[in-house]
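You will see chain A twice below: alongside chain B first, and alongside chain C after that.
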Partner chain A sequence: MKKIFILIIILFAKISTAETTEAILKKIDSNMRYKSIKYTGIMEINKHHRRKKIKTFTAIIKGTDKAFIEFINPEDRGTKFLKLGDELWIKGAFAEQADKISGHLLKNSLMGSDFSYEDTMENESLNTLYKSKIIGEEKINNHMCYKLELTAKKKKISYPKLIIWADKEKYIILKEQFFALSGLLLKEMSVLKVKKINNKYIPVKIKMENKQRKNSYTILKMKNISVNQKISDRVFSKRNLEK
Partner chain B sequence: MKEIYIYKMAFRNISRNKRRTVLSAVAITLAVIFVCVMKSYIVGFNNNFRNNLFLFETGHIKILNKDFIKEEKIMPLDLSVENYTSIMTDIQKLKYIKAVLPRTKFISILNQEGKLKTVSGLAVDIKKECKINPLKTKIKKGRLFKEFGYKQYEIIIGEGLAESLNLKTGDKITLMAKTAEEGIGHMTFKISGIFSYGVNEIDRNYFIIPLSTASVFLKMKNSVGELDVFLTNPDKSTITAHKINKILKKYSGFNIYRAYDWKEQKNGQYYKIVTITDKSYNIIYVVLLILASLVIINTTMMVIYERIKEIGTLASLGMRPFAIVKLFFYEALIISIIGSLAGTIFGGILSYGISKYGIDLAKLGGKGIGFQISNIIYPYFGFDILLFSFLFGVVVSAVCVFIPSLKAARIKPITALRNEL
Partner chain C sequence: MRILNLFWGIILISSLNASVSFNGRFYHNDFIIIDEKKHFNITLLDFRFNVFPTDIIKIKSELEYKIMNAENKAAVYYNSDNIYLNLLYAVFYPDNSKIILGRFLPDWSKGKIFKPLDIFNYKSYFNRYLNNTGIDGFSGKFYLTDLSSIEFIYTYNIKVKNFGKYLYGDSAEETHSFTGLNFESHFFSFDNNYIYLKDIANGMNFIGTAIKGDLIIGIWGELLYGFNSDNTKKILSAAAGADYSFFKHYVLSIEYYYSENGYFDYNFYEYSMYSNNDTQTEKYFAGNIDYLLSDAGSIGAGIIYDIKNANFIFYPYIHYEVLQNFTADCSVYSFKTENISQYFLSLSVNIQY
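So, the complex of A and B:
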């Protein structure tokens, strides 16, 4: 009798944990999704033995499958990207037409940064892509966080394994590690600053480190942020891109 | 016996049996023609390989950013040679410098009807480039690009590349490349011309743009990927590289440059390939020389052994063995001089002709040659080869007559008359 009772308690605890994990991810996903967001991004790209490079861009994002990015720093002025669903298009200042970036090129770095094109394109919720389990709790920058291990449900995913540290109060990812299928740590993202805008917590300063290269990291700062504004679909068109 | 009588006898013997004399002379002529033509081809082949390697890959010396070598596979354009014009000015004062060519090599992506193709690009300063590179004469269709194309940026592409992509002059292509600022260069070009060097590696994979266009496309305003140095005497590459490195020391700071002798580039692999190729062909040539020698030796020995009775007659008449050997030696010498001269003349004419028209290896091989070897090889025509071929024919046939004639001269006259050995 005692044994049956213990089994029931263990089973109940497991079911509770599973629900809690999914619920955590649901809350994180809900926090990371906006109807729309507009901001000015400044990327500081640091590489071992190279000069620091600064790239500035304006970003307009609607939902999770439409984005328009235009670089405005002098060296890259006129370079524009358009994301529509799973497609990514580029148009340079001296090109007469836009070109689609696809296949293995999506794994390349975005303008020399430690973010890849795929990193910018990921639009599905974490719950859809990954199975998750809580593996602990840790403090990140004085914030108590859930530590979750995420394993990909599908084969063709950029990062088959993730470990995320999510703020227990705000349900925002403060740290994230990206792993290859072999278990090799590829990148690590740290949120350095968070701002509350329109009742949403938005990471406004992020550091992405390439763990496979010595002293290689990119800091992305977001300024002039406006969230959930009305944006015309005409912005996210090839015609606008090729203007 | 007086020398003059032996000479007279030798001349008489030669004209006595014309068929035998002609046979010997023809054998020597053919051997000399073979030696002459093969040497021309081998030297031409090796020269072609070396020249293409220097022109397209290594220069005699290459100046690079030191950190570029560590990441060479990805061709990082931000690790470039900056302020290259002042470096060029300093280097050009050195002895043996023929030309310093600023160049940038890069990888580009062409999107053609949804298919992505990787193509190799080369940006050049056409005025300086033409001191060494016969690019202007290699334009088969259209014309060379115009520089500073503010209305339309122009490009020339390799013939093989144009064929594989179904492109022609006047067409437009849009290329993507990683810039020196680690951004993406994205530019539309108009094909002004199609070039063909006759080197598959280049014609199938490369396009060429002016450095002025590359400065916009790749964001390289005052920098280039490399400086390729060409010398009046390539054998001085090591000493000159050392001198250039002394000059480069003053260009320090964030970027540090180094001059690499062609022998040390790619960890010495090019040097090894060139050396192995040279040695392999020299071995092949030695084998060919031995074969040619065997023809001469065989013919000469055959001639002597069929005259054993004659030797016996001479010996029985009191001619000393050494005089007999001298007689045959002079005969062989006269025939070899005639044969070698004929062989040298015909071999020279043949070599000269082939050196003008070339040997199309691509047609012989079916597909085309890879690496830095031209499809058409132009054998080398030189008087040094003619002289060598002539001396080869004379020396081999004169020397190889000694042993059989010495052997024959030592036989007892009675045995010789019975034609027994």
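So, the complex of A and C:
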């Protein structure tokens, strides 16, 4: 009888923990996922011993599956990307026709940076993609954070496992580690600056480090941010890509 | 000279009250035939000038200076005029449409190496960094949905040898006027094109299709079928390919090409085979593996294999981004046939400004 009672308590404790992690992710999602977001991005790409490269672009993301990026720095001006669901198209700077990029390339580097196409265009909720559990609490930049381990619910996903550090007060991710299925640490993201826009805390300066390559990291700064503005579906079309 | 005057005139007029941008590049490529100790090189300097008078009109142009030197003696590339107006066209964007008028470069092909539908803009895989001169004509594209469209095209200077020499025989060096349609649709995860082209003067007809999409791996294919007015001469060429990237740094691709376009044409895959076989059918296989470097660039190797004659070309290469606007390439081409074994070294630099 005593054993059953203990088992019930353990089970109950586990259920309450599961609810807590779900609630945490829900709050993070509500803070960090948007109906739409539009911004100007400045990428500083740093590679081992090399002069840093600067690439600027405008990004428009709507819902979980529509994204449009246009590069505006002189070397790449006119290069555009359109993402609809798992599909990606590119229009080169001097081309008039759009070209489809194979879906498996979505996990590859975006214009030589440490972000993949998916990293910059993904807006799906964590609760939809991952199961989660709390594995501790740690301080990041003087902010107390939940440390959560997330494992993918589906097989076809870029990062089968994540560890995130979520600010306990603001419910934003301050640090995130991306793992392969084998458990290999692939990348680490750190939020360097957060801004409150339209009652949402938005990371406006992010460092993405490639843990598989020596001294390879990219800093993404976001400016001219507008969140949850109405954006026409016509933006996410070949009509716009080939313009 | 008239072309140059026209170019500068348009620049001057259109830039008076418009948003203007310009850029260009310097490109130099040295080829060394190792066994024969000979070399030749190509140098080009191009200048691209774009004017956007309003949100719905763009004027784009490309002027190029190109010169080839062979065995250290200056040699003229193609003809005595080394300045080319490659592009000069206006694009209009009425609602749901795109209209192009002038000298432009349409591209209906989806392949990487073998491109049966590269009709307007034939580009060899081995000189893909060189520019092509556009075709003069008109294109009107109407977008039916977000991912589908229909394009009408008229041009009066397609090089008919792009279709293969068999169909046109002695007139293969000529340029002809064409009208055509290109319907593009999208279903599942595939872009699909269906094309029709008609040679206005000679009554030749061409139908074709292209597909590109995903089935876990990336796949693409294209087919072109041509026939004369009394259906006594026919050509067929088809290509299919697939690629996949694994461990995020490797990209593997393969392609197969089948052609009944006629006699072996040195302008097509000219580097690949020293074929002594003039029969109509050609079959090639191509494979390529690319490793993305940690900094910027890639190293890789490719092979093009002539299945029928058992000839092949093997080419390891390195592509390196020295600076953000400065890339350098080095490759070795090894040709093997029954009678010939030859090596080329290719060194090139490309600087954007």
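Note that the second predicted complex is superposed on the first by the 232 of 243 C-alpha atoms of A that agree within 3 Å, B and C clash if a C-alpha of one lies under 4 Å from a C-alpha of the other, contacts with A are read in each partner's own complex, and residues count from 1 in each chain.
Methods note: contacts are C-beta pairs under 8 Å (C-beta built on N, C-alpha and C of every residue); 3 or more make two chains touch, one makes a residue touch a chain.
Note that the structure is predicted; figures quoted are calculated from it, not measured.
Colleague: Chain B versus chain C on the shared chain A, clash or fit?
Modeller: Pair status: clash.
Colleague: A:112 in the overlay: touching chain B, chain C, both, or neither? Say first, second, both or neither.
Modeller: both
Colleague: Figure out whether A:75 sits in contact with chain B (first) or chain C (second), or with both, or with neither.
Modeller: Both chain B and chain C are touched by A:75.
Colleague: For A:185 in the superposed arrangement: first (chain B), second (chain C), both or neither?
Modeller: Neither chain B nor chain C is touched by A:185.
Colleague: Check the residue A:102 against both partner chains and state whether it touches chain B (first), chain C (second), both, or neither.
Modeller: both
Colleague: Mind working out whether A:32 is in touch with chain B, chain C, both or neither, as first, second, both or neither?
Modeller: In the superposed model, A:32 contacts neither chain B nor chain C.
Colleague: Looking at the overlay, what does A:42 touch: chain B (first), chain C (second), both, or neither?
Modeller: In the superposition, A:42 contacts neither chain B nor chain C.
Colleague: Looking at A:163 after the superposition, I want to know if it touches chain B, chain C, both of them or none. Which is it: first, second, both, neither?
Modeller: The answer is neither, since A:163 touches no partner chain.
Colleague: Under the stated touch criterion, name the partner, chain B or chain C, that contacts more residues in chain A.
Modeller: The partner with more contacted residues on chain A is C.
Colleague: Contacts for A:53 in the overlay, against chain B (first) and chain C (second): which applies, first, second, both or neither?
Modeller: both
Colleague: Looking at the overlay, what does A:94 touch: chain B (first), chain C (second), both, or neither?
Modeller: Touch partners of A:94: chain B and chain C.
Colleague: Mind sorting out which residues of chain A both chain B and chain C touch, each in its own complex?
Modeller: On chain A, the overlap between the chain B and chain C contacts is residues 50-51, 53, 75, 94-97, 99-100, 102-103, 105, 109, 112.
Colleague: What residues on chain A touch chain C, complex-wise?
Modeller: Against chain C, the touching part of chain A is residues 47-48, 50-51, 53-54, 74-75, 77, 84, 86-87, 94-97, 99-105, 107-109, 112, 213-214, 216, 233-234, 236-239, 242-243.
Colleague: For the complex, which residues does chain A have touching chain B?
Modeller: 45, 49-51, 53, 55, 71, 75-76, 79, 90-97, 99-100, 102-103, 105, 109, 111-113
Colleague: Touching residues of chain B toward chain A in the complex: what are they?
Modeller: Per the touch definition, chain B meets chain A at residues 67, 78-79, 109, 111, 114, 116, 153, 172, 174, 176, 178-179, 181-188, 216-217, 219, 254.
Colleague: Across the complex, what residues on chain C touch chain A?
Modeller: 21, 23, 48, 60, 62, 91, 93, 96, 98, 100, 104-108, 110, 141, 143, 146-147, 149, 189, 191, 212-214, 216-218, 243-245, 248, 251, 292, 294-296, 321, 323-325, 352
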